[in-house]
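One chain, chain A, appears in both complexes that follow, with chain B as partner in the first and chain C in the second.
Here is the complex of A and B:
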């Protein structure tokens, strides 16, 4: 049971890194923070693998290391380098309100987790709630940011959150499911970053709110 | 508990903080010089400066009232009281009766009040600008500090600084506790702003406001004000250490553990000052409008810490 506080505190680190991803204005910094967050996620996987002797999670952490910690940030950094967009456009809501929303989301996530007390996962209550809060934070990032790459990062955060939920609640699903989810995410990121690049080529910025000019 | 002996320890602590504050400043000046590839002055230079100022004549602006001349003494007195209250070399607060989080918070607000009032009283425009900045900083920073302290008090079930320190040092509140860990980060940001070192050097802002509220001070008044500012830096760091990293403080009042506690406390201070010196030379000063981002970040993080206390058990 000594790994339980480790999992909980690592999930707290997850929240902090995702806040940094959402709040930093420089896209490059955001991408690096996303990579760091993936490393935290992988260490949670490894801790869970050792604690609950789930062989599957070792494989998960290897695939996550390749895709999340290296491949996805690599694609993002390449797009940033080729387009030369350094900073995102000012977001729709200010940092203060964004952080207040984040605190509210963490609270909501804990309330949502309560009904799970029948299952064995309750001992990871904090981690489970954090994974839900993480999903909400990603959604928040996608809605309130105007930059296409930032919205893409929001998508990646949501993906990380759902990954953690899966690892806690169903770590013994077949390998195929896990591989399917990861390739989904990587191709999603690839396609969306291509679209972001096209957007930049056409308009000279990555402001997704200007997409309405494409009609006709 | 032997109150008499604890009181003596408190006086010792106050003397220690007052006497080492200029030395720590001297060390950070030396570190800065080394980073500029200069040889730098002696680490005792700040003492020489203060003694020289003490010997000089003091001038008072004609429109200033009694407040201007008494503020330096009031500030040093409040800071000495704070140095006695905050458990730095011991785990229990030397002044157990008033060793309370809220007392500390209000005493720090009182320092702000007198500091900015003296600036307004002097009638100088630079001083007034510095004063208004100081008050603005207070308004922005205090919610975050109060939030973290509230969370800590709820976690330990007591607002007494000594009890909090003891519980943290004995591991009853683990560093891995989510609310505690996040609170640490929020309070660290608040501490960085409160020390008034370079990225947040806003109220005194040497190059821009000519030291803000200190503009009109000279001679003995300036020496005391400078001493007060140096002591405030040490005390803010000591408060952070007492709340979040009290490990190594003296648990009982035997001579050996007191000496050991003093050594460890000075070591922690030294680490903090060297780190601050590195940061100070790597960054430029924030504009006052940009500080709201940092303070709201700190407040948001403290709010998340509170939520973690509230819902995770």
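Here is the complex of A and C:
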């Protein structure tokens, strides 16, 4: 079996791209890294599809290519272009702490998958831990970044995490479900970026930390 | 007509209505569709519930859609409040248009989203497919996001941003939990269908892996609990629910929160029947009590009327979670009764608040004085609703709060019940204080006397009558649904 090392090393690459999405200060760069990450994710789908004969994953790969590698980055880049916001506001924590926190999150993810010993997916434990790590990294990005688009990218990371989980543990769900999940994902990004754009129009920046009108 | 077709019709009506509203943006037409579609949904709901009461659950599309007794209660809430608030929306928005707050173009957006919102909520409660449930609940956030940000003020945009971001992130956790359950069930059965249908997974619950299930429940509780507004995942709720137009606030608070809790309940049943109820009960008791206690103090200090009502929703969701936490048939029935009673009361209160906002032009309770003198009917409705929220007889919430407390005492949760009662006393005090300060008193001279039009009062008066009826006793048909729901949840 050659699947295992390929999937696991691609998963590690996934973590690296996530860190790049989180740590890049320039929004455009973050969006490109997100697109790159989606390509890595699609290669995992394809590896699983070819080597584990999970045919459903071919369709996953195609839809993910269209939506995650192109459509979502396109939407994000459009907002960046129309608002003219180039760089994110300084994050709430310094880069050193941010990276340390990220490392802790990855650690937590690996601990969390330990009880999964009864699963057939045992061999993809690393990939599974990575999918959970994406979740936590996305959350990290949402909480510690002030820029609305970066927070949105954090959500996208969480999504990529859960779609990796889906591919590993539940690639055989009915097509209708897959369509539903992807539709939600694309509309979610579309709606959030529309609101982010409106926030920029109303407040003059996309700094979500200044959203403090509603309190108490 | 066959029973299954009704399930498809009830989903088709809001779908067609949404498409029509988005495309043909003529005001009269939009208003006609608004009344007709919501009345249609309510009518089909009545037929469906009659069927359920007579012959048990109705299912369609290979069991992917299913209306059991539990979802009947939720469908009744969606259909009933959807219709009444749908009618109330028309004069409310007409006024906002006259005032220039809403452009005629926005009307198509509002009504289209309203139908879409109803559709996604119906799909959430009618879905028997654990993955489609998730998809539908996430779709409710997307459908209602622009209702929250409808006024395009800075504050509404802020509310909408927090709403979409926090709820979407939260619910992503629930997807992970859902996948865990699916994967485990698939491993056991080897059949996709048996791993996706909630009723089928329930049958093999006992054979599933306890560790995986516990983990799944935690994820699901974080995810769907965020949508239900349980503490500590509640931070978005006061912002979002206070910023939407009042009828939409009423739908968000009175209807949507229940949909989140319903999905928690579905997993509560699944995990409970598999590994025993102690684990899910403990978690729900903790989150429920925390929600009631924390919300109670925010209700007390809140000066913005709609924010106060939003915090009250967190408190009420807490009581429902607490009831589920006590568990057993009596605890579950108390929780579900509370769900119904809170919905009706909260819809009435947000409607009455909407009237006050239109009359006084503010939500600040320090500037609102003498509602009773300016708009007597609205004032009376506010008094009744506030008393119900405070847990006073003879109104609906009194019964379910009373049930929850007595069951908790009977099951021996003395300390928790004392804490709960203390928090409920704070809420009661806060509601009395609210009534005394705003409904009574002498109004400023600048406010024109005279209540709002009939169209804005009749739906609220109907809600008042329902609230009073529910306060006198639980109707027989509802009791039947509640009892069967408790059986479904506990397994039997």
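Going forward, the second predicted complex is superposed on the first by the 212 of 216 C-alpha atoms of A that agree within 3 Å, B and C clash if a C-alpha of one lies under 4 Å from a C-alpha of the other, contacts with A are read in each partner's own complex, and residues count from 1 in each chain.
Assume a contact is a pair of C-beta atoms (placed from the backbone, for glycine too) under 8 Å apart; a residue touches a chain by one contact, two chains touch by 3 or more.
Note that the structure is a prediction, hence the values are computed from the model and not measured.
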Problem - Clash or fit, chain B versus chain C on superposed chain A - result: fit
Exercise for the section: Answer with first, second, both or neither: which of chain B and chain C does A:125 touch in the superposed model? Expected result: first
Exercise for the section: Angle at the Cα centre of chain A spanned by the Cα centres of chain C and chain B: state it in steps of 10 degrees. Expected result: 150
Practice task
Using the touch definition from the top, say if A:146 reaches chain B (first), chain C (second), both or neither.
Solution key: neither
Handout entry: chain B versus chain C as contact partner of A:9, first or second or both or neither
Key = first
Exercise for the section: Pick one for A:162: touches chain B only (first), chain C only (second), both, or neither. Expected result: second
Problem - chain C versus chain B, contacts on chain A by residue - result: C
Exercise for the section: Considering only the touch criterion stated at the top, classify A:23 as touching first (chain B), second (chain C), both, or neither. Expected result: first
Problem - Least C-alpha distance (whole Å) that remains between chain C and chain B when both complexes are overlaid - result: 20
Problem - Doubly contacted chain A residues - partners chain C and chain B - result: none
Exercise for the section: Please give the residue numbers of chain C that touch chain A in the complex, ascending. Expected result: 129, 131-132, 134-136, 138-139, 141-142, 145-146, 149, 152, 154-155, 157-162, 164-165, 168-169, 172-173, 175-176, 179-180, 182-184, 186-187, 192, 196, 209, 211-212, 215, 238-239, 242-243, 298, 301-302, 307
Exercise for the section: In the complex, go through chain B and note every residue touching chain A. Expected result: 174, 176-178, 181-182, 185, 292-293, 296-297, 299-301, 303-304, 306-308, 310-312
Practice task
In the complex, go through chain A and note every residue touching chain B.
Solution key: 5-6, 8-9, 11-12, 15-16, 19, 23, 94-96, 98-100, 102-103, 106-107, 110-111, 125-126, 129
Practice task
Give every residue of chain A touching chain C within the complex, in rising order.
Solution key: 112, 115-116, 118-121, 132, 135, 138-139, 142, 148, 151-152, 154-155, 158-159, 161-162, 165-166, 169-170, 172-174, 176-177, 180-181, 183-184, 187-188, 191-192, 195-196, 198-199, 202-203, 208, 211, 213-214, 216
